[in-house]
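Letters A, B, C, D, E, F, G and H name the chains as they come in the text, with residue numbers starting at 1 for each one.
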Amino acid sequence: HSLEKQFEDFRLQLEESGGLRDRIRTVVSEIESTTRLMHASLLLVHQSRPTPELLEKAKSYVNVFNDHYKQLAEVLGECSGQYYRYHGDWRSETQTVVSLIVFMHWLETGNLLMHAEAEEKLGLNSSEFGLDIEDYLIGVCFMSNELPRYVVNQVTAGDYDCPRKVLKFLTELHAAFRMLNLRNDFLRKKFDGMKYDLRRVEEVYYDVKIRGLAPNGEPVEDQGAQGPP
Amino acid sequence: HSLEKQFEDFRLQLEESGGLRDRIRTVVSEIESTTRLMHASLLLVHQSRPTPELLEKAKSYVNVFNDHYKQLAEVLGECSGQYYRYHGDWRSETQTVVSLIVFMHWLETGNLLMHAEAEEKLGLNSSEFGLDIEDYLIGVCFMSNELPRYVVNQVTAGDYDCPRKVLKFLTELHAAFRMLNLRNDFLRKKFDGMKYDLRRVEEVYYDVKIRGLAPNGEPVEDQGAQGPP
Amino acid sequence: HSLEKQFEDFRLQLEESGGLRDRIRTVVSEIESTTRLMHASLLLVHQSRPTPELLEKAKSYVNVFNDHYKQLAEVLGECSGQYYRYHGDWRSETQTVVSLIVFMHWLETGNLLMHAEAEEKLGLNSSEFGLDIEDYLIGVCFMSNELPRYVVNQVTAGDYDCPRKVLKFLTELHAAFRMLNLRNDFLRKKFDGMKYDLRRVEEVYYDVKIRGLAPNGEPVEDQGAQGPP
Amino acid sequence: HSLEKQFEDFRLQLEESGGLRDRIRTVVSEIESTTRLMHASLLLVHQSRPTPELLEKAKSYVNVFNDHYKQLAEVLGECSGQYYRYHGDWRSETQTVVSLIVFMHWLETGNLLMHAEAEEKLGLNSSEFGLDIEDYLIGVCFMSNELPRYVVNQVTAGDYDCPRKVLKFLTELHAAFRMLNLRNDFLRKKFDGMKYDLRRVEEVYYDVKIRGLAPNGEPVEDQGAQGPP
Amino acid sequence: HSLEKQFEDFRLQLEESGGLRDRIRTVVSEIESTTRLMHASLLLVHQSRPTPELLEKAKSYVNVFNDHYKQLAEVLGECSGQYYRYHGDWRSETQTVVSLIVFMHWLETGNLLMHAEAEEKLGLNSSEFGLDIEDYLIGVCFMSNELPRYVVNQVTAGDYDCPRKVLKFLTELHAAFRMLNLRNDFLRKKFDGMKYDLRRVEEVYYDVKIRGLAPNGEPVEDQGAQGPP
Amino acid sequence: HSLEKQFEDFRLQLEESGGLRDRIRTVVSEIESTTRLMHASLLLVHQSRPTPELLEKAKSYVNVFNDHYKQLAEVLGECSGQYYRYHGDWRSETQTVVSLIVFMHWLETGNLLMHAEAEEKLGLNSSEFGLDIEDYLIGVCFMSNELPRYVVNQVTAGDYDCPRKVLKFLTELHAAFRMLNLRNDFLRKKFDGMKYDLRRVEEVYYDVKIRGLAPNGEPVEDQGAQGPP
Amino acid sequence: SSTKRARTMATNSSMRDAFSKHAEYLNNLNDKRERVVKASRDVTMNSKKVIFQVHRMSKYNKEEVLEKAEKDLAAVTNQHVSRLVKELQGTDFWKLRRAYSPGIQEYIEAATFYNFCKTGSLLKLDEINSTLLPLSDPSLEPLQINVLDYLLGLADLTGELMRLAIGQISDGELEFAEKICRFVRDIYRDLTLVVPIMDDSSDMKTKMDTMLQSVMKIENACFSVHVRGSEYIPLLGSNDPSSFLVGLPDIEL
Amino acid sequence: SSTKRARTMATNSSMRDAFSKHAEYLNNLNDKRERVVKASRDVTMNSKKVIFQVHRMSKYNKEEVLEKAEKDLAAVTNQHVSRLVKELQGTDFWKLRRAYSPGIQEYIEAATFYNFCKTGSLLKLDEINSTLLPLSDPSLEPLQINVLDYLLGLADLTGELMRLAIGQISDGELEFAEKICRFVRDIYRDLTLVVPIMDDSSDMKTKMDTMLQSVMKIENACFSVHVRGSEYIPLLGSNDPSSFLVGLPDIEL
C-alpha cells in the first residue's frame, strides 16, 4: 500500500532525526559538564585569587570546547541547512559557554571578546557552523550579570580601582546594546536586566569615590566625546 | 571603535532578520484568514451531505494557499538554509491548512492525501521550501478529530454506510501511525488523541449495525489480510 | 578537610546512584518499546482477527519481558533494600505490561491472571524482585478499560455472546475490587473508572438482549449464589 | 474462589501497609509540631545575639526528635527493606529538622554539622534507619537560606565581625556543593538558590568593610590555598 | 506580653477546634465505611437480586447511620452555631448517604423521600443538627444518576414494566427541580446531569414499548398534565 | 438570512476597528522609537554631560511627540467616545513619554511638570484626546525611579548640591502622592516604589552632608512645614 | 532668598492643589466603578433567574411560562440595567467596561434566550439597544451595548440552548430540538469568522471550545433519537422516523 | 385505578410543595448572600481609605491625621460593618463567611493599623468584637468576628507596617521604625506557631511568605540606617548612632 509505504518512509526519517538528536544531546551534555568545571575555576575570582593562575586554568577548558564544537559541527554537517532545526538543543549551553569565555577575555584584556573572536576561540566556522548572533549577545548579557558581584568582592579585597574600570566597560557595552532595536524576546529581557548591573556598579563606584578611596586614575568618561575612551 | 562597528553590524543583521520576520508574518496572517474562510465553508459538511458545490468552494481556497506559499518561499529564498530558523512562525497555521486540504481530499476521494500530494497541492517544492513531515502528520491528526462529528451528522442525515467507510479509513490511518516511534512531544500527544476518535467512530458504527441499519457493503476488514484493503 | 572529604563521599554516592538510575532507564526504555509492539499486535483483536494467531504472536513478547525484568532484577540486586527507591522509574511501564499480559490471559482462558501467575509469567521472584501489588491492580484496571471497546467491536463483528461473558467477568472483578479499602490515590481513581466500563458493557448486553440477539447461554449470574460462577 | 481469595490477601496487605502509613503519619505530625516549636525559639536569634539560653532551649528539642525518630525506626523495622517505600511520608519534615539542627550547631561551633553527626544527634542508625543523603543536603540548603537574614540582623545589633565569619562558612559550603554533580531535581534547585545567599552575604560584608567597620580579623580566605582555612 | 497572651489564646482555641475536627473526621470515616457497605448491598439490585432481601439488608445500615449522626450532633453540640464551620468535613459523605436512603426508599415505595423524612430517617433534628437542603438536593441528583443503569439491568433481567415506573418518577422529579433557581455551582451541574438520566430512561422505555414488551400498566402520565407524555 | 446579515455587520464593524487598531499601533511604534532616542539622549545625564546641551537635544523630540499625538488624535477622532476602547494600545508607551518629559522639565526648572502642562507639551487637548490622569501619575512615578541613580552619579561627578535639591523635590512629590486613595493596582505598586527612591536619595544626602561636602544652599524644607526635614 | 522661598512654597502648594484634584478624580472614579459593579451583579443575578424561568417551559405551559419570563426580563431592564444606563450616560462607557461587562453578558444571554423560545430567531443587538433608549436622558449620548459584550453573551446562550435541547428531546419535541441544533450550528459557524478579529479574543476562544462541545452534545442527542427511530421503519412501513417517534408516546400512553 | 391516580397526583403535588419551599429557601439564601457581598465590598473600599489616611501621618501632623482616621474608621463601622451585623445576626455566620470574609479582613487591617499608630500596640480581637456589640439587636446572638478572619487581616497588616516603616525612616523616625520592626517580628514569630493549626491555612501560608518578605524589608532598612550611622561614630565621638542620625536633619537643615 502507498499509505504503508509513506509511513515507512516517515518512520525512517523520524528515526534518523531522532538519532541525530541523541548524538547532539551527548555532545551537549559534555559541553555542559566542561562548562561547570570552567565556571567553578573562574568563580575563584570572587575570592580574590591571583588572576593569572585562574586564567591559566580556565584557558585549558577552551580547548576542550573546541573539540566539543568540532563534534557538533560534524553531526550537523550530515544534514546541511538544518542548523536551526536543532538549534534549541544546544543554544542555552552555548550561551553559557560564551559568557565564560567573554568573562575570561575581559579579565585578561579588559576588552569585550568580539563575535568573530569568540567563534575563533571555540573553533567555529561562520560559513558552516557558526555562533548565532543572539546566542553571542545573550552570553554577553550573562557575563554582565557577574560584574556587580565581581566589583563588590574586589573592593572588599581592597582593589579600589576596579569599580571605575568595570563601570567604564559596562557603560560602553550598555550604550552599544542600546543601538540595537531588539524584539520583545529573551535577549531583550536579558538586556533590560543589564541596566541593574550598571546601576549596581555605579553605586559601588560612588561608595568608593565618596570615601576618597578611588585612586586618581583616568575618569570614566572623556570630556565631550561620546562612547568609551 | 571596533565595539561600535560590531554592534552596528549586529543592528543591521537583526534588522534584516526582523524585516524578514515581518514579511513572513504578513503572509502567515493572510494564510490564517484564508484558513478561516475555508474552515467555515467546510463546516457546512455537518449540515448536509458533502455536495460538489461545497468542494468546489473549498477548492477555490487551495489556489489562494498556493499563492501564499509561493510568497513565503520567495521570502525564505533570500536566506537559504534558514527554513527552520523561522519555522515556528508558520508551522501552526500550516498544520491547520494541511488538516483542511486532507479533509477535503478525503471527502472527495475517500483516501488520505499523501505528503507529496499535499506539497503539490500547496505548490511547495520539497527541495527548496517543503512541507515539514511533522507538520503534515499533525495536520492529519487534526483532520482525524473532525471525523467523529462528521459520522454522527451523516448518520442523522440518513447516510448509514458512512460509519463503516470512516472506520475503515481511520483504522488504517491509526495502524500506519502506530508504526512510527514518536517522541514525547506535541505530535505524540495528538496521535494519542486519535484513539478516542477511533473509539467514537466504532461506537457509531456499532449503533448503526446493531439496529440493522448498516447496508450490506464490504466489511471493515478483509478476512485474514492485515492492513487496509 | 573533613567538609571536603564528606562532600567527596557524597559525590561518589550520588554518582553511583545516578549510574544505577541510568541503567534502570535503559532497561525500562526497552520494556516500553516491547510494550508498544505487543500492544500493536493485541490491538488487532478489535478488528476481529482470529484470536489464536494473535495470541501466538503476543506470547512471543512475554519471553522478551522475562529478559528485561531479569536485567532489572540484576541491577537492583546490587543495592539491596532499595527496590522502592527506584520504583518510580519503572512502575508506570510495568503497569502497562501487566495490563497486556492480563488481557492476553483473559482472551486465552476467560480468567483473571493472578498476581502470582503474573510474577511467574514475567520471571519475577517475589522474595527478591517482585511485582508490587498496587502496580498489579492498576494494570488490571487498565485492562478493564479495554473491555468496552472490545465488546462493542465483537458485537459489530457478529459475536453476540461476547457481552454476556465480559459482563460476567467484569462484574466479578468489580465485586472483588470493592472488597479493598483503597486510599485516595491513583489506584482508587483507576478503580472508580472501572464502573464506567461495567456500565458500558451492561448497556451493550442490554442492546443485544432486547433485540433477541443474545444466544441462550448461561445467564450472567447463577440464581442465589453471590459471586462469579 | 481463587479470585476472592487473592483479593482477600490484597485487602490484608493493603490494610497492613495502610496501618503502617497511619502510624508513620502520627509520628511525623509530632515531628512537625516539635519542628515548629524549635523553629520559633531559634527565630529569636534575629532579635538579639545568640545566647547560651537560646541554644539551651533549642537543644531540649533535639532530645524530643530523638524519641520521634526512635518510634519511626521501630515502625519501619517491621517491614525491612521498605524504607524508601514510605520515605515520601517523612522526608520533607526531616529536611526541616536537619536545617534546624545544622543551624543550631553552626551557631554553637561555627562549623557544619556533618551527616554522621546529624544522624547521631537524631539517634538514627545508618545501617537500619539512616538519614538519606539528599535529605541532609536539602536541609543544609534550607539552613543557608537563613544566613543572609541572620547576618543583617547581627550587624544591626552591632556585631561587625559576623559577615566575615558567615561569608567564610558559606563560601566553603558553596564550593563543597559545587563538587557534586546534581541531577535536575529539587536539590539542584535549592543549591542554585544558595548562590543568592552567598551574594547577599558578600554585599553585607562589603557594606561593613567599605565603612571601615569590620574588625581586623583574619581575612575570608587564606592567601594562595584553595578551600576553607 | 499581652501580644503573646492573645496568641496563646488563639492557639488554644484553634487546637480545640482542631480536636473537634479530628473527632468529626473519625465519625465521618465511619459513615463513609458504612456507606460503602450499604452501597455494595444495594448494588446487587443491578444483578437482579430479589428486592425485599436487599432492602432488608440495606435497612440495617440506616440504624448505623442514626448512631453516627447522633455522635456527630453531640460533637457539634459543644460549639453551638458552628455547624457550617465544619460542614465541609461531612457534606460529601452525607450527600452519598442521602442518595442511598433516597434510592432505598424509592425501591420500597416508588416515591421520593422528602427532606424532612430523610432527616427523620437519619435521626437528625432540624433545629439543632439538621440536613442541609443543598446536600439533600445533591444526594437526590446522585440517586437519579443510578436510575438509567438500574432500568437497563432490569430490562435485561426481564422486568419490562420498570422503565415506565422510573420514567414517571424521574419526570416528576425533574419538573420539581426546575422550580429552583440555582447558582453556577455543584448542584447546578448535578441537576444538568439529571436531564441525561431522563433521556436515557426515556430511550429504554421507547425500546421496550416499540417492541410491545411493556405490560399494559397505567400510563406514565395523565393526558394534559405537566411533564412528558 | 437575517442571522448572517447581522454577523456580516459585526464582521465589518470589527474589521473597521481592527484597521483602526493597526493605524494606532503604527503611530504607537513610532512613539516608542522616538522614546528610545530621547531616552538615550537623556541617559547621558548619568555620565555628567553638560545639561543645557542635553536638554536642547531632548527638546527636539518633544515636537516629534506632538506630531505623533496629533496623528493619534486624528485616528481616534473617527470613532468618538472610544478613547478607552483602544487605550491599552498606547498607555504604556505614553507613560514612558510622560516620565521623560517630566524628567526633562525637572532638569530644566526643578519643578514638577503638571498634568495640564504635560498635555500642552504633547499637544493634547483634554476635551477631545487628553492625557489619562493615571497614565500621568504612573509616568511621574517612573521618573522618580530615575532620581536615585541620577543623584548617585551626580555626586560621583562632584555635584554635591544635587542630593539636597532632589531630596526636596522628591519629598514634596511623595507628600502630594500620599493625598491619593489608590486601589491595589499598578499605580499603587509604583507609588510604593517611590518610598525606596526617597530613602535612597535621603541616604546620599546624608553621605554628602556628614562629610561636609554639601554647599551651604537653602535648606531642604522650612521648619514646621509638612514632609521630612 | 525670601523670594526664592516664596516660589518654593508656591510650587509646593500648586502641586498640592493639583494632587487634591487628582485625588478627587480618583475617588469619584472608584465610587462610580463600585456602583457600576453592584448594578452589574444585580443584573447578573436577575438575568439568571429569567433563564431558569424559560427552562421551566414545556409543551403544556409554554405561553404562561414565557409570559412570566417576559415580565421578569422587563423588570431586570427597568430596575437594574437602567441603573447602569444612568451611571454610564454621557461618560465613556469603554472605560468602565470591565466593571459591567459580566452583567451585560448575562443580560444578553437572558434576553436572546427568551427571544429564541418565543420567536425562534435571534434577538439582534440593535433591537436590544433600542429598548435601552427610553432609559436614557435624551440630552446625553445613550448607553449602547457594544458588539463585544453582545457576542460574549451569545456564546453563553448556546450553553443554555444545549440544556434546552436535551430537555426538549425527553419532552418529545424533536422538531424543536432540531431547530435548536440548526440555530446553534449557524451561530457557531458565524462566530468562527468573527471571533478571531474581536478586540480581545482570548475569553471568547475558550467560550468557542465550550460552544463546540454544546453543539456536539445536541448533535449526539439528535443522532441518538434518529438512529433509534430508524430502527423500526422497515417494520412499520413509515418513511418519516421523526414524526413516528414524536407521535408515539402521545398515542400509546 | 382511580385511587391509584389520585395517589399519584398527591405524591406529585406534595413533591411540588416541598420543592417550592426549597426554591424559596434557596432564593432567600442567595439574596442574603448578595446583600452580604455588597456590604463586604463597601467595608473593603472604605477600610482601604482609612489605611491611606493613616499613611498620611508624619511627625508634624500625627495627631490631626490620626483623628481623621479614627472618625473615618468609626464611619466604616457604623455605616457598613453594621449592615453585615444586621444581615448575619442570629443566623449562622459561618455559612456565609466566604461572602463577607474579604471585607472583614480589610476592616481588621484598617482597625489594627490605626490602633498601632495611635497606641503602639496590637488591637485585640476581643476589643474589636466589643465595639460591634452595640450594633446588634440585644435579643439575638451578636455577630463576632472569628479568629481566622482576624489572623488573616493581621497578616495583611504587616504589609502596611512595612510601607509605614520605610516612610518613617526617610522621615527620620528611626526609633518608630525599629519599634515597627520588633512588632512585626513578634507577630510573624507568633503566627508561625498558630498558622499550621488554622482551619484552612493555604491562604495564610502564602501570606506568611509575603510577611517574611516584609519583615526582611524592614530589617534591611534598619540595617542600612545603622551601618550608615556607624560609619562616623569614630569621627564624631558619639556612641549612639541612631540618635545622632535622627537628630541630624533637624539640626543642619
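Going forward, a contact is a pair of C-beta atoms (placed from the backbone, for glycine too) under 8 Å apart; a residue touches a chain by one contact, two chains touch by 3 or more.
All figures in this text were calculated on a predicted structure; none of them were measured in a lab.
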item: From the options A-D, C-D or A-F, the pair that copies A-B, where over half of the contact pairs coincide; value: C-D
item: Between G-H and D-H, the pair with more C-beta contacts; value: D-H
item: Relative to chain C, chain with the most remote C-alpha centre; value: F
item: Inter-centroid spacing, chain H versus chain B (mean Cα positions, whole Å); value: 57
item: Geometric centre distance via CA averages, chain E-chain A, whole Å; value: 66
item: Chain C and chain E, separation of their C-alpha mean positions in angstrom; value: 35
item: Chain G: positions in contact with at least two other chains; value: 30, 193, 224, 228, 231
item: Per-residue overlap in chain C, given as positions that touch at least 2 other chains; value: 181
item: In the complex with chain C, residue positions of chain B that touch it; value: 171, 175, 178, 181, 199, 202-203, 205-206, 209-210, 220-221, 226
item: List of chain G residues in touch with chain H within their complex; value: 30, 34, 37-38, 41-42, 45
item: Chain E partner contacts - residues on chain H that touch it in the complex; value: 1, 4-5, 8, 11-12, 14-16, 18-20, 22-23, 25-27, 30, 92-95, 97, 121-122, 124-125, 141, 147, 151, 186-187, 190-191, 193-194, 197-199
item: Residue numbers on chain G that touch chain E, as the complex places them; value: 48-49, 52, 55-56, 58, 60-61, 163, 166-167, 169-172, 221, 224, 228, 231-232, 245, 248-250, 252-253
item: Residues of chain H defined as touching chain D within the complex; value: 182, 185, 188-189, 192-193, 196, 216, 219-220, 222-224, 226-228, 230-231
